[in-house]
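A quick write-up on the structure given underneath.
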C-alpha cells in the first residue's frame, strides 16, 4: 500500500457537536486503509463543487485502527466546510491522506505532558491524548496527560472525551465555565506542572505557548496552520519560517504540509 | 502517442507544469513517472531563493492564485538531489530556469550544461511574482529576443521560452522568441490576479497579487495557444487549466504539440495518468495514426 | 448606500453590466429597476447591427464566452423604445455606445444629446467581437486619448471610458483615458477566450473567439481595478465576475466607486437585488457611514 | 404572480426511460405555479455545480395543471444533463421559466395536424398532442393528430403515450421498428394526409420538414434550438435568421428564447 492516496471514503456519521462545529466519521476500505496514523497528521478533504478545487486540510481527531474509521472535527468557516455539513451517512467524499508529520510519541512517553488546545485546535490533541496513554501503558511507564482546553463560550465540545485520558482544565473567553481567559491563563492559575507541551490553536496562542515553554525550560511541540494548495510538499505554498536553514529548501523555510504541521517550537519563528 | 519537440522525442504529449510537480519526488507516490511524456521541474535559480512571505496561495473560483516567489534550493542542490532522483526514471526532464537578471539566467543555464539528465530547458521569463526581473523580459519583445539568443548560444539542450499571458499580443512575443532562436515556446504562465479578504479588509496574499491557474483560465490559454500557433512555426507546449484529456486535446487542436498539467495535480494527484489514458482513448476513437495528427488542424 | 460619480448621484453602487441586461425590459419581471443604482444599456450604434453568426455563446468553467458582435437596433429605435421605457423608472440610465469608426461613435453620442433620459455615456472601446473597430481604440493609449477627448467635447453627459483587460498594462490605458478628459472609467470588459468542440473538431463559436465573463475572471478584474485605481484619480466602475455582495465589496476595496453585475444575471435574474441587500448588510456590520468609505482603502 | 420566475422546485420523479433518456417530474408550489403553459415553451434548468452556471433549456413535455407538476424528458449529452440524472425524489432543483413562445393552439384546432418528432425532439410534441385533442374537444371540432416519431433504435420512448392522442407512425434509423429511415421517409411511405405540421428535431430534419410543407402547401411550425445564455431575451445569444426584419431587433434576427423557440417555418431561414 502506498503511504499517501486520494481515496473516496464513505461517510459513517456527520453530526453537529457544537454550534458550527461538526464531527465527521469516514470509513476506509480495509484493503486501502493507511497502515499507521500518527496524532497531529492531517488529511485533505475535497469539496465536491467545481468552484472549489483545493483540498481542505483537517487534522485527524480520531483513528480507529480496527474499524478503519477516521474522525474529523471541523468548524464551519467558509464555503468548503459549509458544503461538508451537507454530507450524510452513505455519501462519498474524496480524501487526500495521510498527510504531514505528527507528534513525536516516543519523546512524549513517560512524561507529564501538557496538551493545550485553543478552540478548533483541540481535535488533533484528542487522538494524541489517547495515543500517549496507550504508549505509556504499552511501555509500562507512568507518564500523564493534562489537557487544558480553551473555548469561546460554554459549548465545551470534545472536553468530556479528553477526560478519559487525564485531568481536563477548561478556560473560556466569556468566563462562563472554568478559568476566565485563555489556556495560558489557565495553566498559570491552576499552577500546573509538566515536562512537555503539545499545543494547537490560533497563532497568538501559539506564540504565548512558545514563550511559556521557554520560561519553564520544557520541550514544546506546536501544530501550525498555513494556507495550502497541494498538501503534499510540491507547491511550496505552506511554508513556516525556521530558525535554521531547512534541509529540503536550503533556505529558512519548512513546508507545513510535509515537515509539519507539528514542529518543535525551538525550530520555528512564529 | 509519442511526440517530438526540437528533436527530443517523448512517449506522449503529457508533461507536468513547472512548479506544480516539484521534481516528481512527491507525486511519484501517486503516479508512475515512467509514464509521463516529461517532468518539468520547478524554476531553479543560481543560488537558493527564499520566495515570498506567506500566505502564498489562495483559492479562487475554479482555480487558485499563487505567489510562491520562486522559492528554490538553487541549481547546485537541484542538480545533486533532484536531477539525481530523476536518473532512475525513463521520462524526459525539462528544467525550468529563472533569474532576476540576464547574468543569473545564463549562469544557471551554464551550470546545467554538465548535466546529462537535462533533456530541455524551459526559460521562465514570465513569472509575475518576482519583482526585479522575470516578467520584464517576458513583456518586451526586444528584451525577449535578446535573452533568447544569449541563452541559445550557450545551451546544448533545446530551449523552450515560456510566455506570459499578461500581454496585449502573445503573438508578438512568440515571434520575438522565434526571432531569438528559441526551439519551442510554452504558454501560458499564470494570469495575474488578486483576492481581498473583505472582512479583515486586507489582501489575502502577502504579495498582494498572485498568478492565477486552474480550469478558470483554460479558455484564455486555448485562445493564446491558437494565436501563438498562428504566428510562429515553432512547436508549442500548451498549458493553462488542463484538468482532463478533453482539455488537453483542445490545446492540441488549437496548435500545441504537447501539453502540461499544472494546478490540476493539486485537485487530483493522479490526473496526469488520467490525461494520458483519456488521450489514448481519443486517438483510438478518432482512428488517429499519430496523436500529433490533430495538432493545429483548426485554422 | 448612495454614491456620486462625475456629479451623478446613484442610490447605490450597483449597476448592470452592458449587454447583460438589455435595457431592463426583460429583467423588470424579476427585479424592481427602481432599486438599482443604474441601468447600463446594451451597446448601441448609429444604425442597426446584425451581430455575428451563431453560435454566439458558450459555457466555460465558471463562466461563459460570448461573441454577440454587438447586435443592436440602432440609436433611433433605442431612443424611441428603450429610453422611453426607462422614463418610468427612478434609476440612473447609462448608455453604452459602440462604433466601428470614430465617426460612428461621435454620431451616436451626438444623437443622444437630445435625450433627457441619458444620465451618463459609457464608451465601449473594448469589445473584442467586432473586427473593424472597437478593440483597436482600446489597446492603443494615443488612440484612446484621442477619441476620449473628441467625445468629451460634444457630450453634455459625463463620459465613462470602458477598458479592455486584453492588454499588458491597464494602468497605461486608464491614464490615457484620464488624459483625454474622461469623467470615469469602467473595467473590465470580457477577456478573449476560445472553446473547441473536440469531438466535431471545430470552434464552438462561429466567431472562433469570444469574450469571457463570469466568476472565473473575477480575480483578474479585481487586480486590474486595483492597478487602474493606483494609476488615475478618476472614479472607477468595477466589473468582471461579480456574482454576490462579497465580490462587489472586494471590487470597492480594490478601488471601485461603483460596480456592475454582468453574466451573473444569467445565473440568477434576482442577483442585482441580492448584491444591493448584501452590501447594505455589510455596511451595517462594519458600521460604515457611507458605503464609499471602503473605496480603495487597500493601497 | 409574475410570468417568469427562477424557483426551487422539488423533484417528484426521475427515471431513465430509454438509454440515456430521462423523465424528470418537478413539483411547483400551488401558490407560485405558472398560470398557463403553452406546449412548445421551455424552462431553464440550473445545474448545481459551480463550474456550470448557465441554465439548460429543456422543453416542457408535460404540464399537470391540477397537480402543478412539470414533466421534462431529456437526453444526457454533457455535464449538465449528466448531473441531472443524479437527482432523486425530494431533491431541489432551480428552474427558470416558463420561457419562450409555444405553438399556436388556436391555429391548430380543428385541423389534421401532423406532429414530426425526431429523437429527443419528441417530448414537447407530447404535451402538444394532448392539448390539441383537448382544444378540439372543448371546441367540439374534429381535428386530428397523427404523430410520426423517429428514433435511432428500437427504444421507442414516449411513443405509447403519443398513441393516446391519435395514430403513431414509427421510423428508426436502424430499421428495427417501423419505417427504415427518418420521419420524412415515413410520411411519404405511409402517404399521410394533413393540413398542418408541427416539428421538433435536429436541424437537417427541420430543413426537410420545411421543404415538405412547402411542397404540400401546408402551414408548418418548427421548434428551433440554439445555444442560450440568459433564456429571457437580453443577451441576444440565441438568434435565428428571419426572412423579414424582426420587430425587436430591427435586423433579420429573432431570439429563439423569446420570439421562439416555435417559429412559423415561413418566417425563418434555416
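Labels A, B, C and D are assigned to the chains in the order they are written; within every chain, residues are numbered from 1.
In this section, contacts are C-beta pairs under 8 Å (C-beta built on N, C-alpha and C of every residue); 3 or more make two chains touch, one makes a residue touch a chain.
Here the structure is a predicted model, which is why all the values come from computation and not from measurement.
*Asks:* Which chains contact both chain A and chain B?
*Replies:* Touching chain A and chain B alike, sorted by label: C, D.
*Asks:* Rounded to the nearest whole Å, what is the centre-to-centre distance of chain B and chain C, using the mean of the C-alpha atoms as each centre?
*Replies:* Roughly 34 Å separates the two chain centres.
*Asks:* Rounded to a whole Å, what is the gap between the Cα centroids of chain B and chain D?
*Replies:* Comparing mean C-alpha positions, chain D is 47 Å from chain B.
*Asks:* Could you grab the centroid distance between chain A and chain D? Build each centroid from C-alpha atoms only and quote it in angstrom.
*Replies:* One centre to the other, that is 56 Å.
*Asks:* Would you give the residues of chain C that are in contact with at least 2 other chains, written as numbers and ranges?
*Replies:* Correct list: 61-63, 215.
*Asks:* Return the residues of chain D touching two or more other chains; collapse runs of consecutive numbers into ranges.
*Replies:* 50-52
*Asks:* What kind of graph do the touching chains make: line, ring, star, complete, other?
*Replies:* Complete.
*Asks:* Can you list the residues on chain A that touch chain C in the complex?
*Replies:* Going by the criterion above, the answer is residues 50-51.
*Asks:* Write out the stretch or stretches of chain B touching chain C in their complex.
*Replies:* Touch list, chain B to chain C: 60-63, 65, 139, 166-168, 191-196, 198, 201-203, 208-209, 212, 215-220, 222-223, 226, 241, 246, 249-250, 253-254, 282, 294, 297-298.
*Asks:* Contact residues on chain C for chain D in the complex?
*Replies:* Residues 19-22, 26-27, 29-30, 42, 48-51, 54-59, 61-64, 66, 68, 71, 73-74, 77, 214-215, 263, 265-270 of chain C touch chain D in their complex.
*Asks:* If you look only at chain A, which of its residues touch chain D in the complex?
*Replies:* 48-52
*Asks:* Residue numbers of chain B touching chain D in their complex, please.
*Replies:* 61-62, 215
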